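In what follows, a single structure is set out as structure tokens and then discussed.
A, B and C are the chain letters, set down in written order, and residue numbers restart from 1 in every chain.
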Amino acid sequence: MTIEIQDLAYTHPGGTTGLHVPQLTVQAGETLAVIGPSGSGKTTFLNVLSGLLRPDNGSIRVNGIAVDALSRRAAQVYRADSVGYVFQDFGLLDYLTARDNILHPFRIARGRRVTPHARNRANELAKALGIADRLTHRPAQLSHGEKQRVAICRAVVTDPKVLLADEPTGNLDPDTAALIMDHLLTARDRLGATLVMVTHDHSLLDRFDRVLDFRDLWRSGA
Amino acid sequence: MRLYRAILATLTLAAPPALADTSRTIAAVNAPLAYIASVLGGAQVDVIYPLPPDVDPAYWSPSPEEVQAYQQADLILLNGAGYAGWVESALLPRARLVDTTAAVQALLIPAETETVAHKHGPEGEHAHDGAYAFTTWLDPQIAEAQIAAAAGAISARWPDMAPQIEQRTADLRAEIAAMDAALSRFFSKVSERQIFASHPIYQYLDYAYPGDITALHWEPDTDPGEQEWSAFELAIDADRHPIMLWEDFATAGTQQRLEGLGVEIIVLNPMANAETWDGLFLRLADQVAGK
Amino acid sequence: MNGIAYLAWRHTHFHWLRSLTLVLVMATLITIPLLAEVLTRAAETRMMSRAEATPLIYGSAGAPLDLTLTAAYFRGDIETPISMEDYDWLIASRLADLAPVHVAGTSRSIPIIGTDFEYFRLRGLTAAAGRLPVSLGEVVLGAEAAQSLGVAAGELVTSDVNQVFDLAGAYPVGMLISGILEPTGTPDDGAILTDLKTGWIVSGLGHGHEELTRQTKAALLLKGAGGDAITANASLPTLETISADQLADFHFHGPSETFPLSAVLVFPFDEKSSALLRGRVEARDTAVQILRPTDQIRGLMENVFQVKSVLQGVMLAVSLAALLAMALVVWLSVQMRRREFDVALRLGAGPGLPAALVASELLLLLTAAVIISLAVTWSAALMEDQIAQLWFRNG
């Protein structure tokens, strides 16, 4: 899935510049690391990519879809169908088991439901990520690594074409972080999806096809 | 008796109260009243009279089941005059009680003043201390009043029966008149003779007809003691050809001895507890018909 | 199961203590007014049906409600009794079936009512055990009364010593229980019924002769010191039992037509008889009255409902406070779930998801609360007999 960005700008409601990306093209299947200091707009970038925030200027097309022009309703469908999301804090629901967390997107998105096929898919993913025996546990009973693997399963269970990850290894030790990185890349391979990942972990950068450094953008924009 | 058993059977089957409403029932405390009820009521009324044949209704004590039979009746004919003391302590519906002598209190004869307690058959000891003499129906005037009281109560209870009640009252009056005539004829005939009674149960005859009756306390089923005999022998006046009224046949010994003394025995049962009621007052009078 | 409903269920289940608290609060808020409504309605139905089953009441002039409650519900007693003369006057009118009521006393606080055999027929009372009384000294007990006294047919009940008429000295009277009545759901269930004469004996108006054996209670004798026990206790209350062989020994003081009655229940034969009788009573005497219990009970119920509406106002205020507290709990819970809703938004949920989730949970809790309320109300309605009995007895 191709991501094409032209002269993208977003200003926070307070008036401070949140984001400015003059031009960027990411080819389908490519992996993009986004780095930069805190407050440089990395998360805002992901929000714009996922259609949660509408840019003030410029265009953003994901696989031909003009994400900047989507209605809220269409943006919601786009997120549900095309985007997978992985969070730094895992974003798991404490009251659901690992399995129910993985199946969560099917329960909250309009028009979706938990089908036997979805269950099989969740089981396969859990097996592939080595958490098949943890499916009946609640997040409180899982290690950080296990939690993030559950979160990855949840992100890919709907077969999205864009995988967004917001510092997914930020809360993990280096070994686990590497493992999670493996899983994300494996998932990317399997889905043929585009992976955009915000990270502070420079040791992981060499595993990405491309790196977008927001520090440079600020400099060039300023 | 058949009626009595039928009632008991109905009670044992725990008949619903509604059943009592569908048929008309009148209960009576003695045979003359039961007879009056059966004549006045005719086919429209069932008469409840649960007394066994061998008891005196005046002193009878009913079993709980027998009281229940009375409780179910639409009307309960009482003799008044303190008759049937059980009525006082039994739970009977007050509004259904008919005191048949209430209207003729003035005609009632006070009982002997001295209280005489004695053994009286299977019922054991009791005292003849009722306020009035019991056998009220022997006085034709009272008997008529009792019929009138019953007729009035029935007509009031079932107004649809009033026309028939009038005719039936007339029939009963005719019967009382016939009884009156027979008794009158008999007592006129014996008025000059000395008249004894085995028991003080003929006070109303004594009052209503000529002649003077002296009452003893002799039981039909037991022979009087020598003391009684000697007192009696002193009292009789052979020249006045004494007669003695008995409510039932005395023992053979007593009969023989009375005959030996020249006393004629006449059985005059007041029929307080006749086994059959048909023509009760006529049959009562028939006992003295040819005498 | 719908996804939202599933999530609502999982969430309420996970936070079970919070859910349980909310359910109990809601259930209480629903149950109290519901229960009050059901019970007052049941009481009203019961009170009204008894009133409707008692066409007219004849009694002394005075508080009509007291007369009604005494005569039809056996609650309390009226100050001025009428007499047997009134009863006989009513009988002589031949316009109605009649049942006299004499509040004779109590046995362990259960009212002893002297009446006529007609009462059993007019009220349709039958014996579940034993039989209806046939003679002086016999009583039948209502089902509740028998249960609360713990007695059965064939046993004795003893009257309490608190007689109004104390002519012969106060002493408890023992009476034979001839039977226990079928339950009827009326005040008859909570009463001891007997005939008028026995009632008068209980009231102290009639009593046994001197030669009647008085059994001094053994327990009292034992309290005395040694040989002079009997002398020492001669003045203590003695128990007199009315039994078949002692019937003849009982006598009453004064002429029978002056004997007291609390009231007479009047069941006119028809509308015309009713009108005639009411007219005659009004013309007869100003010291007496004849009234329709339904009028009195309707009036009473209006008062009850007025009190109830005040209580409902109080309840409403309490409910509002409780609802505010609940709203706070829900709001706090939503605040704590902000992250959850944010994640859901990124995973493709619509903006309405938080509201839908909270609403589903509240619906779930409300359903549980309603079920509990209905169950409680339903069981209360089933036990309404007992509750009503308490009300009839103590209310």
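In this section, a contact is a pair of C-beta atoms (placed from the backbone, for glycine too) under 8 Å apart; a residue touches a chain by one contact, two chains touch by 3 or more.
Here the structure is a predicted model, which means the values were calculated and not measured.
Student: Looking only at C-beta pairs that count as contacts, which pair of chains has more of them, B-C or A-C?
Tutor: When A-C is set beside B-C, the one with more contacts is A-C.
Student: Sort the other chains by how far their Cα centres are from that of chain A and give me the top one.
Tutor: Relative to chain A, the chain whose C-alpha centre sits farthest away is B.
Student: How far is the middle of chain A from the middle of chain B, if each middle is the mean of its Cα atoms, in Å?
Tutor: From the centre of chain A to the centre of chain B is 118 Å.
Student: Could you grab the centroid distance between chain B and chain C? Build each centroid from C-alpha atoms only and quote it in angstrom.
Tutor: Comparing mean C-alpha positions, chain C is 49 Å from chain B.
Student: I'd like the Å distance between the centres of chain A and chain C, where a centre is the mean of that chain's Cα atoms.
Tutor: For chain A versus chain C, the centre distance works out to 72 Å.
Student: Scan chain C for residues touching two or more other chains and write them down.
Tutor: In chain C, no residue touches at least two other chains, as defined above.
Student: Which of the residues in chain A end up touching chain C in this complex?
Tutor: 50, 52, 72-73, 76-77, 79-81, 83, 85, 87, 89, 91, 93-96, 100, 104-110, 112-114, 154, 158
Student: Can you list the residues on chain B that touch chain C in the complex?
Tutor: 17, 20, 64, 67-68, 71, 85, 88-96, 156
Student: In their shared complex, at which residues does chain C touch chain B?
Tutor: For chain C paired with chain B, touching residues are 87, 91, 94, 97-98, 116-118, 121, 124, 126, 131-136, 138, 178, 195, 197, 247-248.
Student: Note which residues of chain C are touching chain A in the complex, please.
Tutor: 3-4, 6-7, 10-11, 13-15, 339-340, 342-351, 353
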